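Presented sequentially are two complexes of chain A, the first with chain B as partner and the second with chain C.
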Partner chain A sequence: MRRAVGALLRKEAALELRTPQVIPGMALFSIVTYVVFHFGLRRNQVSGDLAAGVLWVTILFAAMLGIARLFVTDREEGGFDAFLLAPVDRTAMFVAKAISMFTYLALVQVVAIPAFVVLLLGPGLSGEELLKLMAVLALADIGIAVVGTLVGALAVQTRARDLITPLLALPLLVPVVIGAARASAPLLTLTGAGTLPGRWLVVLALYDLVFGLLAYAVFDFLLED
Partner chain B sequence: MVTYGKGLRPLAILTVLVLGGGIALALFYAPMDADQGFRQKIFYIHVPMAIVAMGGFIAGGIAGIMYLRTEDSKWDLRSYTWIHHALILALGALITGSIWAKTSWGHWWVWDEPTLVSFLIVFLLYCTYQPLRFSIEDREKQSRYAAVFAITAGAFVPLNFMAVRMAQSLSHPRVFATSNGGLPLKMQIAFYVMLAGMTLFFITLTKFEMASKNTRAQMGALRRRLGGEDGPARRSAAPALPTATEAGTA
Partner chain C sequence: MTVDATPAIDLRGVTRRYGDRTALDDVTVALEPGRTLVVFGPNGAGKSTLLRILATLLRMHGGTAKVLGHDLKSEDWKVRGRIGLLGHEPLLYRDLTVRENLRFHARLHDVPLARVEELLDEVGLIARADDQVHTLSRGLVQRAAVCRAVLHDPEVLLLDEPRANLDPNAAAAVEPLIGPESGRTRIITSHDPAGGLAEADLALGLRAGRTALLAPAADVTAAMIGELYR
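Presenting the complex of A and B:
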């Protein structure tokens, strides 16, 4: 299982390194979205709840791009067939895809969070706030990666893939947005670092756990052919 | 061959009686609410609708589990019809809730009411069930993917309610839990009769749809055997059923 996951991860990394598509696309999309928010909201700077909202809507919509691309090469270039021929546990595909989705999100945020601070965030981020924000980001990214992998695998087999992906993923990810926006809003206020609301981290962790187990249980059925 | 139509007529009659009786009880027998007056009566429809819709969604998820375990298309059909009718009842619950919000608070939609908001999110999620089925051509794959969706969404329902409820102040009207300790007995009777009636209504409707789907599948099979005119296979979101002829050859 571990070797299968490792091989799949190497394949994902090789693909993305040869023709970088997903990560540059998502990062560029995030920055364009900040510009759109700047004009849409007519604000030069945002803080507090509004900042958390802008940040999480941007991350969520950028994630949609990644989710929509996650299984496309496997379907079109025969990756699924090759994987099904290999005598390995099918759950390896889920684990590898969820890890790569998480990595995509984390790498995009390495660009998108500093861009957000520079372009839109009023209060700025201290080191301590940044650490706390990273904790929130990590928990939310796990949730997005898990649900995104499940939805991506569901949607890639449909004819209306581009339509189905966001229609399924957005409602499913509403609890993540609630938890992440609530948890990160105090970190982005003008009055300086508020305390990190622990109960929202618990909600995020619970969401990750429930959907992690659920996706782990049902993913096999999406691969049979 | 499975017969779905058995016992439909007595069930339908019973549904009409209980639902009609429940409405009569709610209108004439249950006392007028002291604070809210007549508009409180909408809750005798709204709450049972919402409860039955949620029950239908979760039952659809359980039927999804059963389908994945047994690969029996009967369970796929159950999952499909339960979710289908739960979605209709959920729309009804949203509309009645909205009407009540308008009469009571003066707004059609109130965001700081967790139950209404989580209901909307669940409703929007399940709206994708039909398009998802429709856009998968292979029938067997369609059933399997729909089951995975039903299970995921079924597990999402309670989690979503919890998250949204935490996010907002608790302001959903506890209409049936008044300050002086619970509901008057007469209201309780009317409410539970309405709940039973709505459940029967749901069961009757789903049984009718299953019977109709089954009959249509068998008609199609017979027609194919008679005339041989196959016609262009119509794509559909509804589950495919094993028909008598196909089961015979299999």
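Presenting the complex of A and C:
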């Protein structure tokens, strides 16, 4: 399993470095969306629930771009068949794709979060606030990566994959947006950081666990003809 | 031809449908280890479907299939890694180099990376090994696909018109890997009666998914193959 996951991750990295598509696309989408919010809301600063909503809805929509592209190269260039011919656990592809998706999200957020802070948050984040926000981002990104991998594998088998991806993924990811927005709202107030609501972190962690196990159990069947 | 007690390929009544269309209908054939089966038939006759079933990439909807003694319905995982598929698609990533592609497959199959260099040298691709696949001609891509198919030294080779796009020199270069002297059990699809029959032990003719011809290759004439295409 580890060997196959390693081989798949190397391949994913090589393809994204050779012809960058997913990360630049997601990052540009995030920045442009924050610019649109900046002018659309006619505010220089947002705070609390509104700030968290803008942050997470944008991240979620940016993730749709990555999810829609996650398996396209494998499907179009025979990577699925080549993988299925190898004597490896098929779940290796789920693990490798979920790790790739998580990495894409994390790299995009390195650009998108500063853009959000500059365009919409105003005063910026202290080191402590940033650390807490990173914890929320990590838990939410795991959920998006797991569900995104599952949906991406399903959608790529269909002709209408660009339509199917958001139609399946968005409803499934609503709990992630709720949990992540509630958890991060106190960190994004103009009056200074509130405490991190542990209850919502637990919700996010439980979501990750449940969908991680579910995806692990059913992924093999998604690769069947 | 006598059939060994444990044939390398043993298909009995294999049926596969795509929606309402039956692509393979009750196909029965057995092949001894180390022998070659050539499959003829017009486009859409079910040749590629047959190869994909044997490669464990498609499920059957009826019948039984054993490859190397393992039932494909219950033990397909025991067969993977022991078969090599060379189809119409090269199964190579276009934006990766030939070497990167083959190393990826070597890692998946747990094959030493030195084998990649050995094969690249053997098919005359070493000078183009660091070129991206999409920059290569179809013939060179086919050579790379041959390397990919035999990288893990499979016991069974499934070859879908394997010499398509290859010039005589390239065909000669890949011959030791996929030809009769490779010693592997081979199932080849072909539209070339003379060439196909010359390298085969058994011939199967498919028409609209059904077996229209099954006989030792030595007993089959080009005219009999021509009948399949009428």
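The working rule: the second predicted complex is superposed on the first by the 224 of 225 C-alpha atoms of A that agree within 3 Å, B and C clash if a C-alpha of one lies under 4 Å from a C-alpha of the other, contacts with A are read in each partner's own complex, and residues count from 1 in each chain.
Note that a contact is a pair of C-beta atoms (placed from the backbone, for glycine too) under 8 Å apart; a residue touches a chain by one contact, two chains touch by 3 or more.
What you see is a predicted model, and the numbers here were worked out from it, not measured in a lab.
Asker: Aligned on chain A, chain B and chain C: do they clash or fit?
Answerer: Verdict on chain A: chain B and chain C fit.
Asker: Taking CA centres after the superposition, what's the angle at chain A between the directions to chain B and chain C, given in steps of 10 degrees?
Answerer: Placing chain A at the corner, the angle measures out to 80 degrees.
Asker: Figure out whether A:Leu163 sits in contact with chain B (first) or chain C (second), or with both, or with neither.
Answerer: In the superposition, A:Leu163 touches chain B alone.
Asker: For A:Val210, decide between first (touching chain B), second (touching chain C), both and neither.
Answerer: After superposition on chain A, A:Val210 lies in contact with chain B alone.
Asker: Counting residues of chain A in contact, which comes out ahead: chain B or chain C?
Answerer: The partner making contact with more of chain A's residues is B.
Asker: So, does A:Val35 touch the first partner chain B, the second partner chain C, both, or neither?
Answerer: neither
Asker: For A:Gly179, using the defined touch cut-off, is the partner it touches chain B, chain C, both, or neither? Pick first, second, both or neither.
Answerer: first
Asker: Contact-wise, after the overlay, does A:Leu190 reach chain B, chain C, both or neither (first, second, both, neither)?
Answerer: neither
Asker: Is A:Glu224 contacted by the first partner chain B, the second partner chain C, both or neither?
Answerer: both
Asker: Once you lay one complex on the other using chain A, what is the shortest C-alpha distance from chain B to chain C, in Å?
Answerer: Here the least C-alpha separation of chain B and chain C stands at 5 Å.
Asker: Check chain A for residues that touch chain B in one structure and chain C in the other, and list them.
Answerer: 224
Asker: What residues on chain B touch chain A, complex-wise?
Answerer: Contact set of chain B toward chain A: 68, 121-122, 124-125, 127-128, 131-132, 135-137, 141, 144-145, 147-149, 151-153, 155-156, 159-160, 162-164, 166-167.
Asker: Within their complex, state which residues of chain A touch chain C.
Answerer: It is residues 3-4, 6-7, 10-11, 14-15, 18-19, 73, 77-79, 81-88, 224-225 of chain A that touch chain C.
Asker: Show me the residue ranges of chain A that touch chain B in the complex, using the header's touch definition.
Answerer: 150, 154-155, 157-160, 163-164, 167-168, 171-172, 174-175, 178-179, 182, 199, 203, 206-207, 210-211, 214-215, 218, 221-222, 224
Asker: How about chain C: which of its residues touch chain A in the complex?
Answerer: 55-59, 77, 80-85, 87, 89-96, 100, 104-105, 107-110, 132, 148
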